[in-house]
Structures are given as C-alpha cells and as structure tokens.
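Each of the next two complexes has chain A plus one other chain: chain B in the first, chain C in the second.
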Partner chain A sequence: MPLNTGRTLGLNPKRRRIDFASWVILYLTLALFFFLSASRSSFLTVGNIHSILYDTSFRFFAAIGFTLLIIMGELDLSVGSMFGFGGAMMGLFIFNYQLPVEAAIPLAMLVAGLIGLAVGFLVTTFRLNSMMVTIGVMMAVKGVNWILIQRFGGRQLARAQYNFVTLELFGIKWTILVMLVVALIFEIFLTRSRHLKQLYYIGHNFSTSVLYGLNANAVKCACFALSAALSAFGGALMTARLKHPHVTVGANLEISVITAAVIGGASIFGGRGSMIRTMLGVLFVSLLQNGLTSFNINTYVQQIILGAILVLAIYIDVRVNAKKA
Partner chain B sequence: MLAKLFRKNESIALGLCLILVVVLTFASGVFWTQSNLNSLQASISPTAIMAFGMMILLICGYFDLSIGSIMLLVGILAGRLSQLGLNTPSIIVLVLLAGLAVGCLNGFLVAILKINALIATIGVQYIGYGLAMTMWDKEMQHRKFPANFIALGEDRFFGLYYMTWIMLALLLVFTFFLRYTAAGRRLYFVGGNREAARLIGFNDRRIVFLCYACTGLLAAVAGVLAVARIQSPTQYLGGGIHMTCMIACVIGGGSFAGGRGIALGAFLGVSFMSLLTNMFNLLEMNTQLQNVVVGVTLVAVIVIDGYVTLKKMRAMGKI
Partner chain C sequence: MPDLASPFLDIRNITKSFGVVKALLDVSISVTKGEIHTVLGENGAGKSTLMKILTGEFAPDTGYFELEGQRLRATSPAAAHAMGIHMVHQELAVFENMTVAENIFPYHNFKKAGCIDYHRLFQEAREKLGLFGLKTIAPEAPMASISLAGQQMVEILRCIVAEPKVIILDEPTSGLNDHEADMLLEILRHLKATGLTILYISHRFKEIMAISDRISILRDGRFVTTLANDGSVSENDLINNMVGRDLSRSLYQIKTTGNAKSGAPLLQVRGLAKARALNDSSLDLNPGEILGVFGLEGSGTSKLSRMMYGLETSDAGKVIVKGRHISPLTPRRMVAEGVMYLNNNRKVAGLLPELPVTDNFSLPVLQKFSRFLGFLDLPRLGNLATNFVKAFAIALPSLATKPANLSGGNQQKVMLSICLVPEPEILIVNEPTRGIDVGAKTEIHRFLLDIASRGVGIVMFSSELPELMSLADRIQIMRNNSIVGEVKAGDYTEQAIMRYAAVGSDNLAV
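And now, the complex of A and B:
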C-alpha cells in the first residue's frame, strides 16, 4: 500500500478503520457547503438544496460507467454526447415512431449501449487510447444529436411522456433516491464482490490480471456499453425534465464528470476510484456551479474555473499516483 | 520506385485529394470558379498552418486539443484590442504573444508537470474558450477591423492570398527544419524512442515544451489570418478545428505513436479535409453531417493507425 489516499487493492484486510485522507472530497464538499450557507442567505433553503441534488442526480448517471472505466484506467470522453444522445433518441422514438415513453427510453439505452460496446471492442482489440477513440465518438454522436434535434423542430413531449420524472417519494424526487441507492450498491459491490473487485486488479496491472485469468477485455467492453447506456438514461431523464429534446443537454458534461471522478479520488492511471466519492465529486461540481451562479459569476468564467480545477486535480493525481515506471 | 512511392502515407493523402477534386469537378459546376477556389484557400491556409504545429507535436508523440480555443481567443482578443484603438502591428504582436503564452501554458502542463497531454490540453481548451467568451460581446461582430488588418486576409500577391503564401513559406520552413536540421531530426528521436533519446542526452522536456509553444504561436498566426479574412471577430471561429488538424495529420502520414510524419503530409491531409468540407457545401449536404463524418473518420483513422502500430510492435516482438 504505497499511500493512504484512496482505496487501492485490499492488500491489508485487517485495516478496518476509516482512512481519513481518502475522503478529501467529503471535506471539500462540506467546506463549500458551509461556506455557501454562511455567505449566501438564499443558499440554505430546502428548495435550493433539493434542486442541487436533483441536478446532481441526472449528471450522476453519466458518471457511473465513467467511474468503472477510470478504475480500469480507461477514459470515456463520450459520456456528455451520449447523455445528449439519450434525449435525441428518446425524441426520435417518441416523435417519429410513436412509441410510448416506456419503450423509448430502453431502446435509446440499447442503441447507446451498442455504440459503447463497439467502442469497447475497438479499444480492446486494437489496444487504442480510449480517450482518442471516444473523442471521435463524442464528435460523431454530437453531430447526430444536432441533426435529429433539428428535425424535431422544437416539438414538445406530451405531458404523460415527461411527468414521470417529477414523481416524488417521501417528498424527495425519485431520481435522487435512485442516485443514492445506485451509488451505495456499486460501492458495496466494488469493495465486496468478486466481479466488481476485478476492476481494480485490471486497472492496477492489466497484464498480470490477464495472466491470472481475468477476461479483462470483456470486462472493459461491458463497462463501455454500461457507461454509454447509463449516460443515455440520464440524458433521457434530463430531456423529460426539460419537456423537449434540446442540443444543450449533456454539453460539456464530460469535463464535469472527469473533474468529479478525479477529485473523488479516482486516478487516470487506473486502479483507484469509488462510486460514493464520485457521487460526492458530482455533487461538489453542482454545488460549485450553484454557488458561482449565486455570486453572479457568468457561465464562461465558471468554465475557466472548472477547467482550472480539472487541470489542478489531474496534476495532483500525477504527483501522487503516477506509476514509477 | 513507383511501388515505394505508393506505400508512403503522403501519397495516400494525395490520392484522396485527387479523387475528391475529380468528384467535385464532375458533380458540381462551380468547383473551379474563382470564388470557390478563394474560399478553399481561405479554409486550407489557416488550418494547414495549425496542422504544421500539430504535426511536430505528433512527431514527438504528443498532441494539442486547445488550438481551436487559441484561434478563437486570438480572434476575439484582436477585436477587443482594435476596439481600444490600437494600431494593426501592435494588435498583431500582442495577439501572437497571447497565443504563444497559451502554448507555453500547454507546454508547461504537459512537459514540465507531466500531465497527460489529452487532459491538460482539454482543460486548456475549456479555459481558453471561457476566457475568450468573457471578452466577447455581441456588438463585436458588427465592428470591422481596420483596413490594413483586413488586408492581411483579403489582399493577394500573384493571384494567391497572403495567407496562402505564408502557409507555403511555413511549409518550406518546416520541411527544411524537419529534414535537414539537427533540431528537427531530434523530434523524431524523441517520438520514436523517448527513453533512448533521453539516454543519449536529449533534453526531451525542453523539446516538447518548445513544440507546444510553437504550436500555440502557429495557432495564433492562423487565428489572425482567419479573422482578417472574415473581417470581424466571430464566436464560431476555430470550433472543432483541432479534430480536423489531428485527422489531417494522421491521414497525411503522422501517427499517434509518434516518430513519423512530414510537413507536406500535414498540408495534404488538411487539403483533403477542406475538400471534403467543400464537397459538403457544394453538394448542399447537412452541415451537421460533417461533424458525424469527421468524428467517424477520426475513429477510423485512429483504429487504422492503432492496427498498424500493433502489427509493427508484434513484428518487433514487443508484445
């Protein structure tokens, strides 16, 4: 165990006490939270907190597969455009094929998942840099989104097709509850289950994991497919929330998601990462954007700040986690 | 001799260009008109200037996704400075310095801090876009640059735009630099085998840093020429151009693995991409379809490049 930041392999099962250093993201989020509650009177209201969480819950869907992939050392930059693709596909199936929304969303996820599978296949078969491939995919998919959404010409979804997204359980939007449950389930499986633990082995040392008989390439393909499908799901929900497919759904989302995952303790070198901490990372980014907006800072300056945070986070990652090759 | 020529990647790019020219000649009546050739020049020249920068980075085994943002930043900064009433030479010097500064930032992040080139330059792209757009206001697009600034993009010399001459001059400079100077040959060593290059005593960090700085400067030159041609700043300058440059360089014989490529290849690759765009426009296809085609082409190019590299590695027994 080289450093106590972030979970690596479970080399020392006796160590059960909480590893404080790896929860940096929690302290950051709490600090930001207290800072905003102290400085902005409008911040600490039930409505505002609820809307931040609601916002986070959509983005989190794009971050799930991303986290699984970054644990294996792969980066999927197409999550943002896949997010938009989910919405565009949902629109296509609803407007052009008159399908009910219950069929449209799974079909959209299926199409996105197939694209993800193809990406995974290309990356693993030809040993490509996943970032490069997914940048190409990002661009192509974004073009498809534009074409589709232009064709809809601003058509609105019918009431029955979007109001499912605003359903509430105990006064909390269901997407927030789903986010919490999914994060918890993945966290438990990532630490306890044989199937998800192998992601860490693959990310830590690819060749050794293959020698030990893990089918690393198949796992990677599955995660690429999952990443695309879940992003599309999040995008479909977001589209339902906006009540019509829109080209800004998922724009620049990949930057937020990478930032969230990396400040959540994942490493671009693979072998690290945790679902709960990624969720906190996404929450941190949402809080930050909410806070900056409440200070009347325009979106372009927000973009500068987020870009700087991304570079800083990666720099720290490089300093802490770079393998001494 | 002929077979050897065919095996070069540059001739593939040349062949693709010729095919497109033939297709366009027959499919569209306006391809050979003066105005279309002018717009082709205006699209090839700035992009090729940027692609030379991308090519030297690819030769070292790196790349830069922020050049589109640099171009935008330069365009909008030039608009701001001309609003302040500066004269043309000082505007040009200042914006070129700005481009150089962003290039140096990239170089610092990648070569000195050792941040993954892709993420660092995506971050800088994001920051640069934000920076450019904070300086942007809508009235800017109605305000023209001073006449002698516009002259850079509009005036001709022997029937070709100045920017085309600048591009051709840079083509010669980079061909000479990469082929006949020790400094240029070093890039191939760094890209081909980094460890060996370091052991021989090359300062690979400095080389990569300088390549990034140079790319930033070239992107700024391209930005100046492009806004001079458009005559006023625009917020759409440089969108997706980093993709075009990357694809162009790989089609023109560069490789993401590093160690390969020449300046002529970058030029031919850019010509191919510009002809492709020209085809979309002349045949009135959906402009968003271009993005799809460019994205799919990028994936295809990466896959083919990866396949060739993999085959070579297998043949060398490294895998």
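And now, the complex of A and C:
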C-alpha cells in the first residue's frame, strides 16, 4: 500500500512520470467503490454517495494536522478526543456563556489549539514521545468532554446555531467543497512551498534539518496546535449536524485517521505523506464502513475489520519504509 | 618480569578493509603471558579495528590469531568470551538500574530453590570488591548511584570473574581524574601479578609509560614496532613512531606559508566553556584562512566544533561573527549569518540519503529561493543543483538520484556541496574526509583550498595530521578539553604537533 510516496521537488520535468505505486489508495478506493456499486443496489445513489462524502468531510478535519505531524515523524492520537472537545467547548460557550455560534466555534478552536501547543512544547522541549503524550491528552480531554456533556443534560442547540452546517452550494454540502479545496491547497503547499515542504526534511532527518537552519521545533509546535484546532473545528461541525453535543462525537476517530493516513502513503517513520491521499484514505474508511453496514455487519465486527486493516497497513509500512539497518 | 620468550597471544598478518579504506594492513603483534601490552596509535591508526577483530566483532579479511598456540578465529563476542578474551569498552556497558552485585555477576545465577540467592550474590560480590580494595562500594548499591570510576572498576571486575586469559581495556581512564586513574593502574598491576594478560589502549602517555611492559605502535593501519618499556624508551620515541610518515611521497603537499587576508576577523570565539566538556576556548578566523584544530580522541575538538555552531549548549563564552555577537547561539542563527557546518558523520546528520540530490541541495536555501507565500523557485533550484553537480564532479545518473545510492566519496561531496549552496562566508568542517577513498579525499582538499582562496574562512577540525598540515594556515592543538598551543604553517614539524597533543606544552622538554 504505502509504496514510495516520498516527496521530491520534481525538478526534472523530462523524467517526471506518474508514480503509479504511490496511488495505491486511489485504486483501493475505486475498487471498493465498484465492488459496492455492483453488489449493493442501494449503494450507487446520489443520496448515498453524497452522505458518504458528507461523513468524510467532518472526519477529514481530524486528519489534516495528523498528516502534517506524521510527515515529521510525530503521532497525534488525541485527534478523536479533540474532535469531541470541539463539540463540548462549543456547547459550553453557547449554553453557559450564551455566546453566538460564530464566536463559540473559533473560541473552541482556540482552546484546543492552546492544548495542542502545550503538547508540542512537551514533545519538543522535553523530547517526550508524542504518541504517549497524546494518549494521555486523549484520556484527559475525553474526561473533560464527558463531564461537560453530562452537565448539558441532553440540551439541544437552537436551529440558528446548527442549520449553517447543512448549507449547500450547487446542491453539494459546503463542508464537502471545503474538504476538497483544503486538501488541494495543502497538497500544493506541501509540494511547492517552503513552509510545508520543510516538514519532509524534518521528517527525513531531524538533526540534518536543524543543522542547516530549519526551526524544526517551532514547526512541530505549530502543527500540534493546528491539529488540535482543526480537529475541534470538525467536531464542532459534527455537533451542529447532530444538533447537540454528544459523547460519541469523535469516539475512536483516531483509529480511522491513522489508518487513513497510513494507507494514504504516510509512514510512521516520517518523511512521507500526502494530503490528497490522506483524504482518499478517510474516504476509503467511510466507504468501507458504509459498505459493511449495507451488508448488515454489526459495528463490533466492523471494529475488528478496521483494527485488522490498521495492523496490515502498519505491517506493510514497516516492510517498505523501515530504515535499512 | 613476564616471560617474553614464547608468545601467548600471537596476532598474525591481519588485514581488514572497509570498502576502499584499508583499516589494517598485514598487522602482526606478539603478546606474552602476564604482560601489560599497550597498543598505541593516532586516531584511525587501526587500534579499535584490531581489538574488534580479537573480540569477534569484525572478521579479518586475511590473517588469524593464536592463543596459547591454538589457532582461533572469533566469530562473535560470545565466542571470544568462550576463548577467554574479554574487553572493557570505552563507553561503559553497565546495567544502570541493577545493583553492583548483579553487574559483577550478570551470568552467574546463585540459585537456591530456583530463586536467585541474593545473600550469596552479595557475599560473593563483596569478596570480589574487597580483592580490588573497593570496600567503599556496597554490592547492594544501584549501579547508577556509584561514581564513574566505580562503574569502570565494576565492569573490569565483571570481566575478571569470568576468569579470562586476556582482557582488553580501551581507554579505561578517559573519564577518570588523576587519583581515580592511579587507583585503576594499581588494580591493573595487581591483576598482572596474578598472571593475567592485559592489552591496554590509551592516549595518556604518562600512564602508558608507568604501566606498560611493552608498547606496540600502529600507524595508518600498519604495524610499526614493538618497544620494551625498560627505561630506554622516552615519550619522544613513541611520538616519533606514531607519526614519522614519509610525507614527501604521500599525496599531501605540505603548506609552508599562511595566506590569510588580514583585516577584521570573520569569526571570533571567546571563552567557550562547559563543565567536564570544554575549558575556556577561544579562536579567531580571518577571511580566506584555513584554521586547523587538531587533537587526539577525547581532547574536546568535536565538542568545541559543535558548541561554536550552537549544536550543543555551553556554560560560558560567546561567538562573534563579523563583529556581531550571536545570541542566542543556534544553528539557525549561524546559517542566517553565513556560517555552515560540515558534519563529521554523514550517516547521523548532514545528508538526507533518501531524498533526491536536488532536494538535498535545496534544504539550506529554502528561504532564499522562495517567493510569494513561500512558493519555491523550482527552475532556479534546478539550475543551482546542476551547477553544483558539475563544479564538484559528482558522479550522478540524474538529479533525482538519492545519495543513499552513491559511493562514500560522492556522498561526502554532496554533503560539502549542501554546505556551499548558501554561499557561506564561514565554513566549519569536522573531519571532512573521514572514511572516503584517496581520490575523493584529494578532490575535497582541492575544493577547500579553492573556497578559501575566494575569501571564505574555514575552521577545519581533523584528526588527520597530514591533512591539516597540507591545508591549514595555522593549527591549534587541543588536549584535555583545552586549546594548548598554536603553530603556523611552515613553522612546525609533525612531531612537534603530536607532542603538544599527546603530552601538552609543559612537557616539551621531554
């Protein structure tokens, strides 16, 4: 799956060919799409496809920062909790402080971003393992979410506070369009701009990037903050869609996101990853869950399958990308 | 006096190459039973390679060794242990979180009813410690809680309890103070008296003279001579044998006149210091000058190079570039001020082996070659890469080639090119030609001279004296974490520099 997706500047246009191996995620997604189209009559309808993409668009926000971080060799397992945190904070600011939704969501993102910054500080300054730190943050933030949501006692958002999320442009939900535009912009910046291009250098060899003048620690901190803030944004949107904060928002999302990123060509060893392919990975996971549900496979069995796919993806990653000792 | 007639450990015609680099060439050394035999040589002379062959970490290309007349070829450290050869490495290999007793007996399980008999373990350990006069170390103490010297002794004890025939000590006193070192030497004499054969590696001449029965000298992978330390040998004899290359026939052209441009110094290092790592070190670099810094292993050269570039923190001192005090001192600031650093180990840092050569070249100039929103000027970066590949005659199939697929010499040239891409005014190079073939070496020397002739100041850290003598306008010499002297081109001999580095300036009269 995640074959040879290391980024190059592509300075040699004559020799530049489409790298078929790195688009495995596209073939997988297409294969699954055609399989479901052929085997399930209910699958290939405008309504179903739209709803799968709509689902994907929320989750994608939890995968953006995650992808940037995994390129630098860091893992952020708190994205699921931060997703839920966005909804819980949104509820807090709306219910308890009577703020308008336009203020509640940015504030929720800000609080999440500050927590992300703190994670970045711990990881870069004290050289703590990012996976362990974010597992701790995941637990702690989840606790906060549950306490807050329990206090809300099932209170619903007002219509004016949630209906923005269902707005459409050309008959397509705006979140889907934003997902596509954001993925494309990140992709362009990752390949063409020094700001994101440097992530690959940092991921390939941290010491070398520092030796030649990159501020690798600051970049990491910024990406941890971005990851948390964008996850919170996605969670706030999801909460608006559900019309009330709920503890299931963002539950186990980190597993879907890491699976999506790794089958999208990112490597846990760093230095590899692409935003478009991560988006396809998120779409693949959504398609898979939709398909499994349409075959009446219950959600617990789905968990087993998703877990197995993650292990398989990591196995292939290690076989392909582990540094030759 | 040990019996010198029959060899106990006989090293016969050992040759070992690593790629193009010949680490050992037909080396033969005889060691007799019950002697302390020192192996002496400059950095890279082949001492550690030879020891690693004895302990089975490397296999020799040709040659063998005999122990008690039996021809052996250790294939792994475990096999060497079985033959009775044990080594105490310079970097301690101790179990920090276990007790002293457990460190002395890692293999012996004194068992009682299937469980470890701690009473007996501590008892045995106490006896062994007593044997060494180490009554102050408690066998129950955690290893991490005792001093470095204590840990060193415990590690030697661990070897001794295995009842070896030969033990190899690699710079055992490097982390110890004088008193601790004396204690260690006393223990070695005691061990020698019990009939143990000791191979000793050290750069400290005083202790070598004090303890060795015989001294074998290696130079550039070849055996030079074995001298009996019977009072007729002086430190100078040792130094002359360690250096004494026939430089007239070598690839090195000795530089006889300095050609620094006078004027304002480019780089000033003032009183850089760090506890236990570097003592108050200062240096000045002029435009167009190559300033060499020489020192034997552990003399602090690497620390100085890293600290003056901000790769390691220092307790005191400052670095001034073109009259500006750099604070905070970070590599990022140094790069911005026109200083670049060529790392001594391209496998650790300095090169991105898995990214194409063009991407490697682009790293230090990402900012310089970016436009609106940070978008990179790809055509210009491409041209730049092409030019550097041409200028440095780097053998490349294409610009998309990854350095991992290049030879060591070409990798080194790519790394040097990366450092030159931002057109630095100051270049700090650390072991610029380590582990590459002679051809690439001369090319890199030519590049460095060429760069300097264009006004770039170069601080060159190298443990290869001939290299420094052929390139540097001045050489500063380090010993014991301090700069102990300076010599100017055309105003020194190889022996003089080695004497500074080995015994310091005070002992020049020896």
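Quick note on the criterion: the second predicted complex is superposed on the first by the 309 of 325 C-alpha atoms of A that agree within 3 Å, B and C clash if a C-alpha of one lies under 4 Å from a C-alpha of the other, contacts with A are read in each partner's own complex, and residues count from 1 in each chain.
Convention: a residue touches a chain if its C-beta (ideal position, glycine included) is under 8 Å from a C-beta of that chain, and two chains touch if they have at least 3 such contacts.
Note that the structure is predicted; figures quoted are calculated from it, not measured.
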| item | value |
| --- | --- |
| First (chain B), second (chain C), both or neither touched by A:Ile147 | first |
| Which superposed partner A:Val133 touches (first chain B, second chain C, both, neither) | first |
| Partner chain in contact with A:Gly271 - chain B first, chain C second, else both or neither | second |
| Contacts of A:Ser193 with chain B and chain C, given as first, second, both or neither | second |
| First (chain B), second (chain C), both or neither touched by A:Asn215 | second |
| When both partners are placed on the shared chain, which of chain B and chain C touches more of chain A | B |
| Which of chain B and chain C A:Asn205 touches, first, second, both or neither | second |
| First, second, both or neither for A:Val285, with chain B first and chain C second | neither |
| Partner chain B, residues of chain A touching it in the complex | 75, 77, 122, 126-129, 131-133, 135-144, 146-147, 150, 252, 255, 258, 268, 298, 300-304, 306-308, 310-311, 314-315, 318, 322 |
| Of chain C, residues touching chain A in the complex | 311, 331-332, 334-336, 340-341, 343, 348-352, 354-356, 358-359, 362-364, 366-367, 369-370, 373-376, 378-379, 381-382, 385, 398-400, 418 |
| Chain B - residues contacting chain A, complex | 65, 109, 113-116, 118-120, 122-127, 129-131, 133-134, 240, 243, 256, 286, 288-299, 302-303, 306-307, 310 |
| Contact set on chain A toward chain C in their complex | 6, 8-12, 15, 189, 192-195, 197-198, 200-201, 204-205, 207-215, 271 |
